[in-house]
């Protein structure tokens, strides 16, 4: 069998755009072949990453979330023990509506909780959410029918949305406290109730990509959807973004920690492959170099929120520090 | 000897065997083919087969086995201490292979001499730079262990290839000689050749079986793992599907099965009548020109990428349906809230499936002998009566096959479902509500973000297995129905 | 030599059922039937004889427009049934074929049960009021097709599982079941044994009471036995047409004579 | 035999007047035929709708906006030591080339569009594609002696500029776009009238490779077309003969028993297995077990072969079944062996159905993405052209549908246009394939 | 009445070509042939007669193992060709069928050209050295099949476009072209006109010089004319087997007599 000479990357479709920009530049500037960056989702990527070491396994897994303990264990079982974790920056999650649609300019987590929760505590009992318009959730919002397009349960974004928006809103409105009262203080159950999304069609899960969300908002004037910051920035002509908790999303506000809804992006490198797969280390170093991942680099230009602690990350890569 | 040459030589032997075998047979029959048991081609083919088949079989096995063998010998010689911390022997071996390949390349490009490659030392030469100059990139500098292992690897591979060449050539010659010596006019060459062909046919048929075995095997371990984490009863009889990242998901398969069934039924309700009527029209009514034109055009529908259908559903059909059935729509009913619905996906999928039904049925209908039609027309039946009562029943098995194929495709479709029917699993009778299918969920759970060792991700395998078993049941049923109603003409 | 019992029977009257005038048939460029004129009488059995490939089947198929089903086939001239041109635009070939039934040269039972084969025609023409009625029609037809005894125990077995001769009789029974006014039979007995043949011939003779029967046959004896009129075709031409005994005893055309005397046995 | 005489002859009816029952039946006939026409028409109408949607959305991808300017290849920046050592020149990354291009564009603006609001070289960034730097770097590395000279280059304009020329981007739509401003569009208008900015036919779309997310203007489908081609070669070469051979065995030679029933059910069941499951199988068998390379068209072809086999087998068996047994008898009666009767007579007669199955199976294989997801052919695989047939099969590559699927997901609307353009090419590919099969099929079609 | 010119001819010797002993044939549970014993002689024409469905075709198909192709059909007993059991495991049915050719009851030309229909057998058996030789064989076969004149101008037209009788003669020519030692003919003349029939009968007579011919026929006259031996089947039993003139003039079995005298014409 001829030896593999290209770096093989797989994983998150959220990280894919950034990885593709890096891989392209890497191919142009190095003598190594352009790395292959597959999409397929964080889970599938990590699964293949943890399949074992050797040429017929991938070298790098992109992930839009941190690797889980169970996954690390599974990796170790297959002999993948030294894993270098590289955080490349943050993905901002924005709330946007049709450019010609009603005036959704400012959201609070509470609005979303009020609009999308499956059940709300009313007078000491849980009752099904009856909010029909956004104005029912918050009188300041337009009185149009609720049509929310949120990430489906396959997307990691959904987890972020549930925790940072719904749960937050639940707390902010005092519903969490009320629920705790009703269920007798079971915190876990209460949080779960807070994050349960209504299933009567007002909220639509999107298992596809942001392009699908965009298409749905395009054909529904009242639609409000959840997007990635980069996606929004490429489609400002069709979308109008709302502030969250009074902060407008941008790479700056997210990096500064002002904008509340974002999540870190990672890639994981199989240390055992460094030195064996040509160009692997160079690729990882190139990825986190200032030229690329810095605030003036192409990743930031495309919409990645640059990691304020990039220097530490560069050191991790340079020293091949495993987790 | 390079592989290509070896293959060419064996092929040449086979070619020569063909010619010589033929000649020998002919001369044993005194030049008159009538005295031969079989046609001369069979004698030729017989020798050719004996010369080539065993040789190629052994070659194939050898090519697979040799690297494994060489790998294990070389890696056995590598001291455990030479394997760096955190790495594994197998990775070290891939470096060894890369260096060995690089040395081969360097020799073939004339960068170093063959002898030099054998005596190269890591401390004396910068092997990494040397190999880089011939276009083989290495991840790190080459140490002595790797290099000597690579040299051993090359030596063993060289010996192995030599042996392989000898064995393969010997086999080819032996087979040639054996078959050639057996060639005479009474030798049943045709039977021998046909037996080989039959062997090939059986091998081809068993690929289908192997595929099934492979699919079951690749699903079953993860399915078992899933059921260890999630109770089977809840899976099979649960009526809620709501995976969540934090654990505590409800993964009931019923809403998904219901969605699958509902969408497939609607898709078939569109595709089967349209497809069958189109097939009947094209084969029974349309002139040759219309048929030659329309049939291939309709077949293009099967080749349009499903993403196009998905977008068509999402952007055109869905909003159109909402205009009719949505609140404030044409019919003044409020049955549909979003563009995604079972009907949206079903309709669009139905369009995609039209050619599956129409083209295959058309061929089958066309094969019903004209005398069947004559018989019916001669009794004063109209064309449509003839078609409905004589032609279609006679073509039934094939048509059922075509419909099954369409149904299979409907069950296996993802893109149209995701875009047209939505992602929410729901148990509802309303065909204008969004639902989803097993297949769509297999894809989404497999490509999602959940922890890959969690039930939320593993459920994809259980879903695949469930679907597999269920469609198996459906197919058994279909076979039974066809057997029962099958009408054989002639 | 032609011991024909029927000849003695009175032919009621020479009323014309079908009259063909200047009929030409082409298969693409092949001119298969050349300018044929013939009157087929009611309540008469007419035999078409002639060497293989002379156009008997082709002409027969014109009489109920079965040729319509062959793309390349073109028919010219007039064919009238009861004075009405069957090639008229207003004529529905379906209605025509219900009146002019046909039995084909190669037996072609439908891939259905024996019962359904027979019941097919009556069903589409609505001849049976109910199930019992239909059973009746089926039984009668099978009896007339001289096959009842052989199949009565397996009416629901497939028609294609019968022997060649049984299949042919089944097809005859099937044609008779729809009660046509004219019955066209293309070599109906060629696959039959003598006993079955005589049964079919009896049937033909019986049908003559009400219907016209046209039969293509290669057996001179059969033609002589069952028919009152005979038409002799040769290379697409109708060479001679007349009373059967005249044709066989005193042919006018030398070709007819040659054909008839060229026969053996 | 007296019952016949009891039959009262039916009342004479004229042929010219159609009886009510026949009228009803004829109406039924007319309806039946109308349904047929309607069915065919429905199919064709949908085809037209889909094709026109595809064309409408996709033709734009075949044109691209280019900027033609002389660029001064500054020695101070590209070869500081001036010794034209290729290794040293290579050290200058594409980031080092960008300023040169921006300077050149700025110079052109100052010359051709004096008084524009663009006041710095950096501000021209919005106009040019990021691919330009790589394009020029490649040229310079190939011809180091160009350094120090001013050379005219035709470089790609940025996707927003291209969109502006195509009408996708308007002055309204860029209001909140941080990537481009109205002043840039003004300059584009001027440069366009001066012939520096031009919209031209874009061969690179048909022949090129994929590009990263930030450079839609550079992306082409050529390399993945080759990926598809190599994959389809594998599929055709394997699935047609294997499928036909398996069908022949099952239909003509295998004894009819429970075992063959099992195989038959099993094959139709395989047709219902979701394609992504074949991907799972392919990953396990071909990559992890057999050690074939990841992302290789060979593996893709093998997986798709397994996926198409059932389709081909089912249609082949159906058409083998429909060949009348008398043909087999005739051949056997002449002393042909079973094998000969099948290959000489049955197979040619079954050919139309086999080819139909092949057309449909290959169409499905050609358009399939899901199984490729798991064997690594979906994503950013901007490999270069395969250097030969072997590397065509073995080197990482994508495939057309995967490429289209990826493009359709990307954020920049320019990619959306390219996705539709890709679909046009996919269909051309498909139709070419079909035409060959259809011509063959018509040669075999005959009713007897 | 049986003016059989062949009877006078000397039958060279009573050398047995095929001998069947205790042959039983079952279609599933149906017992179609019951314990048949018969010797078919070399250089002799043997006729099988009997009512439709009595098992003539079935027994005929046993003689070259064409019944192998029917799944549900089971043959028991011994059938020997030249002293070798044809149901022996070592026997290649293909080779057997090349020696024992067959013409079927329903004409079944290949959907190929007329030329290719005839040339097929010679090609697969390697009977022609070259193209000219093959042309020769084809012409000779078509002539012997008494169809040469009708098709000589359209050898490359499809065989399925011929008339019924032409198709049957084509099939006869096709069988003859492979030069079998025994020729089994299942009602070869049922679709033929008298002239063609007499040509085929002449051919049969001619073949008898070298080959054995077994012919199934419904025509008593034909049996009497062409055969030297006749076997009468009834309900799956071989009722009587003997010299043709004996069977027709002096049948031993009452059933034979009933059948023969039940005939007409």
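As written, the chains take the letters A, B, C, D and E, and residue 1 is the first residue of each chain.
As a working rule, contacts are C-beta pairs under 8 Å (C-beta built on N, C-alpha and C of every residue); 3 or more make two chains touch, one makes a residue touch a chain.
No experiment lies behind these values; they were computed from the predicted model shown.
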Third chains touching both chain E and chain D: B, C
Chain occupying the most central position, where position means C-alpha average: B
Dominant interface by contact count, named by its two chains: B-D
Remotest chain, chain C as reference, centres from CA atoms: A
Separation of chain B from chain E, taking each centre as the mean of its C-alpha atoms, in whole Å: 49
Whole-Å gap between the CA centroids of chain B and chain D: 19
Rounded Å distance, chain A centre to chain E centre (Cα mean): 83
Touching two or more other chains - residues of chain C: 94-96, 98-99, 106, 124-125
Per-residue overlap in chain B, given as positions that touch at least 2 other chains: 190-191, 311, 369-370, 382, 385, 446-447, 489-490
Contacts with two or more other chains, residues of chain D listed in rising order: 25-26, 29, 325-326, 337, 349, 373-374, 408, 448
Chains grouped in pairs wherever the two touch, ordered by label: A-B, A-D, B-C, B-D, B-E, C-D, C-E, D-E
Chain D contact footprint on chain A (complex, rising order): 1-2, 4, 6, 8, 10, 13, 16-21, 23-25, 27-29, 31, 33-34, 36-40, 44, 48, 51, 55-56, 58, 209-211, 228, 230-231, 233-238, 291, 298, 301-303
Touching residues (chain side chain E, partner chain C) in the complex: 3, 49-53, 57, 105-107, 150, 162-166, 169, 187, 190-198, 201, 218-222, 225, 259, 262-265
Of all residues in chain B, those that touch chain C in their complex: 288, 369-382, 385, 389-390, 393-394, 487-490
Residues of chain C defined as touching chain D within the complex: 81-82, 84, 86, 88, 90-92, 94-96, 98-99, 124-126, 140, 143-144, 179, 181, 202-203, 206-207, 209-210
Contact footprint of chain A on chain B as seen in their complex: 67, 86-88, 90-92, 94-95, 97-98, 101, 132, 136-140, 242-246, 248, 311, 314-315, 318-319, 337-340, 418-419, 422-424, 426, 433-434, 436, 440, 444-454, 456-457
